[in-house]
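Please read the structure below before turning to the comments.
By written order: A, B, C and D. Residues from 1 in each chain.
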């Protein structure tokens, strides 16, 4: 079974199933499904595929959909996906997680957003079912003392540390010495966490040549970013440091063009937005040269090629680099579960959790050290890349051993 | 059997069913049931203001948020448990409700304008809380999660079963409280105000005072729900807690169930939550995996109910059962 | 039933009207012949306005029939009723306060039967009520009560009605203006319009009317010619205070 | 703070405010006459934006040319919506109307999600990112066009309501419902026309807005809220009020963003709303009911 998200059962059977499901709901007390020793790992995938985060949830889902096939090939393990849509809503995330576990999910994977992830983490913890977080950066999640919650993603702190270091590397590699930066960040969960990280880290980053001359936080729901850009432009900073989401990144870039503000470049020390497909599609040539220092896949890794091939087969016409981050971390989360299952030889949740804790996967897709969990269930040493938009695609330009192109800084539109 | 007797019997059956439920149901049903009880409680609280006294609030997420942040803040910073925090939550919500009520009623704001005023206050607070770093700001406030296997009622830490029973107790308490309210002098005055405010005023009822009372009681009750919310989910984001969609979730139950009735909010919460989950289940079983289809069906169901049962489901059922719809 | 000759232009039979559970009209039957003035008298809350609103299609009866020129109009929406030639000068005048006098009058002529002659009728109305001409561009809300009453009448006439229902046209007006209103009604009658007149000023209206009905608690208690009722002791006692 | 910056920000606030005002205009017209608060207003605008995206992709026509057909289609859509679905609710209490439109909005948002998926869509025209300068002051071309469209639409509406018999009849309905029935106006038809006109305004706003922001299915609710703030501040039911409200909100957001804290700028809109509700509940240019 490769893509259970699109079952091809005959219509009649579906109707019977539907009737059965509704009948089951009216009778209380689902019989607990016996967790027998199984040859197949049931992975409950919880992602926000509708609601505000729908577009990222659906991007992550692509990584889940290709996982069973690749993993079967790689590890010889059967993985069955059980998909659930959290609707970008914590209540739904929680009840869907309960439902998946009750239906026999051996391990949960999800859920992109920190709030929903915490809601799911609690269910996982209470039910003693391991949760492997694909993406969620709030540091608190692995500070709660959970025993069944694992995260193969950088915390906001790591993202910032890596992002700032790469910024320094970038200046070094391009022989540039910008003196000032204006820092703009979106004032949501993620943006605030990252901006705090930056405030804490900057004083220690003595190797960085620049000072932050102005910090501008903006509302994620802002419809109009004219003032923000006017203010940033007025700061006369050498470059723009930006922590954003997709829609506001587009709005900001547009506004920069309209206001004819051409700094040396736009560098994100770690946020989504500028490497996403929509950014390119919408902005065309103005999307070029934007830089995001983010956790990224290693374009040279062998596993990346395997996953990319599976991705292209399932999503012909889509470009892998736009989904690579979401697909990669979601795939790796499922891979971690499958690997543990293979070693444990059991779907018993406790055994599975113990096996996950013993994970050591050097042959991975995303940048950084082998996947190993620390005592808190956090993977350390996940790498970031300096990803620059070049010729219509997000391209790794740093670190050198993963790079496929040379960084361009200052951007050519810059006029000193 | 008299109508009252029948009502008592039905109520007793329901009570027994709810108490037995966690011992026979799976965890999924339990989590759905907890959610239903939560919305039954908040719906009951909202109903005091709208259903009893006729004041349309579309900003009840304000009180959920204030209550949640008050208790969570105390717990997070000082380790003070929710049983102390709940009083702070109530106090804050009473003050907030009193301020809004005072301003609105003194300046003669009613109807749509009052509803929009409540939205404005909730939104104002949402953005404000994004900037209160002491409470985590937009990055969120996370309560440390501990003690998963034992019941610690004092700190509201424990198993899902505990949360279920706490919520059940709250919902039952709210039901009893509202029953009493409706039969008290306040209940009659509210009804008079709801039917015809000018006439009530002419009869010598101090409409300002009684409307204020309704707002304050409703706010305080909702604040208590907020405390539960904080400790059940353990993380708070202004974007989620104060969001207008949460206010809408709160009011759907009582309107669908039957405005101004005691049982309506409970029934409405149950119907809507089960409806939402059933659609998910049915669609999953039918192999339809298109995000958004569920909400379209949900919206259509709402549409049908509001069109054909303008007074809600409960009055229709109550008549059939031979009960009075209160 | 009616003392005046001519075919009935309006027939109301066995009309019942309810507001929720409260009955407002109970088996009301009446008729108006072409060109006559029919007075309807009764105390407050007797159902006079309800009767007019039901004939006009603003309320829908539960039972009974309304027939205009032989056509059943019970249950037709108000704009269709107006289109057939039934006009109304409602209680409280109900002008459009923020529209100018001229615009108010134009609204009266939105009916298909009247729209083509709008400009012409407008001139006629201004001739009939020169005061309205003077105030042509003023919002109707700024007019005095008497002027508003003229406007309401003028607006009604803009629709080229064949039957006009007046609901308390003298209510709240100064005596001299009341005179003027009745004078107008008489002139309209002379022009051949059929008129249904609901008035608290019972003496005047019975004097004007060819036939009259007394409405009590939603029921027709009495009917006859205006002169007959005016001479009736019960009417004199109950409504004329004699 | 350089004066140049302040002037630039203020001008963009006015321009943006006019676009907001255009969007709120439809809401105001509908409420002013039908007395129903259209809680699916932003969602309707989102649909118009998608219509532009689809037609632009299919025909390659400039959104400015698409204004007319889309507005016409929306007029029909609004008419049918009012005559078919909303009309029975006119005499119902407010919460009932609210729920009806919330349900309609929910269906709209998610139907769009099903049809178009969650990704943001947009149109790209060559003048989209252009601006022109007068001295040190920069004007965003699209905003100037959109503000012009806002003024033109308002002028057209003004003419419609002041000069045509139908427009006057709609005002008459708003003025005195009973009076309208008495003179034989077809109120149900006029209400539906009004909703159609309101929807057409929304469509025009959507055509402009799609040049300024990308459209996603979930865009609607926040614009509904914005439209409310604007019409309450300006005066529910008042057309000049909607424009004034839009400009005030646009300005207050701009200046608050400049002088205080950008991320808190919408707080000032809601603050302004609260103040207006308290001290002039009928809105700055509204009439007391």
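As a convention for this text, a residue touches a chain if its C-beta (ideal position, glycine included) is under 8 Å from a C-beta of that chain, and two chains touch if they have at least 3 such contacts.
Model, not experiment: these values are computed from the prediction.
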| item | value |
| --- | --- |
| Set of chains whose contacts include both subunit C and subunit B | D |
| Geometric centre: closest chain by C-alpha means | D |
| Chain pair, C-D or B-D, that carries the greater number of C-beta contacts | B-D |
| Remotest chain, subunit A as reference, centres from CA atoms | C |
| Averaged-CA centre spacing for the pair subunit D and subunit C, given as whole angstrom | 43 |
| Whole-Å gap separating subunit B and subunit D, where each centre is the average of the chain's CA atoms | 32 |
| Where subunit A and subunit B are represented by their mean Cα positions, the distance between them in whole Å | 35 |
| Inter-chain centre distance, subunit A versus subunit C - centres from mean C-alpha coordinates, in Å | 75 |
| Shared interface positions of subunit D, touching two or more other chains | 110, 113, 118, 217, 261, 263-264, 266 |
| Where subunit A touches two or more other chains, by residue | 49-50, 54, 57-58, 187, 219 |
| Every chain pair meeting the contact rule | A-B, A-D, B-D, C-D |
| Residues on subunit C engaged by subunit D in the complex (per definition of touch) | 56, 58, 77-79, 81-83, 88, 90, 94-99, 103-104, 106-108, 110-111, 115, 155-156, 159 |
| Complex contact set, residues of subunit A against subunit D | 49-52, 54-55, 57-58, 187, 216-219, 221-224, 226-228, 230-231, 234, 246-247, 250-251, 254, 257-260, 277-278, 281-282, 284, 286 |
| List of subunit D residues in touch with subunit A within their complex | 1-2, 5, 8-9, 12-13, 16, 110, 113, 117-120, 122, 124, 128-131, 138, 140, 212-214, 216-218, 222-223, 226, 250, 253-254, 257-258, 261-266 |
| Residues of subunit B defined as touching subunit A within the complex | 21, 24-32, 35, 127, 130-131, 137-140, 142, 144-146, 148, 159-160, 233-235, 237, 239-240, 274, 276-278, 280-287, 289, 291-292, 294-295 |
| Subunit B-touching residues of subunit A, taken from the complex the two chains share | 5-7, 9, 14-15, 17-18, 20-22, 24-25, 28-32, 49-50, 54, 57-58, 83, 85, 87, 90-92, 94-96, 98-99, 101-102, 114-115, 118-119, 122-123, 125-127, 138, 140-141, 143-146, 187-189, 191-193, 196, 219-220 |
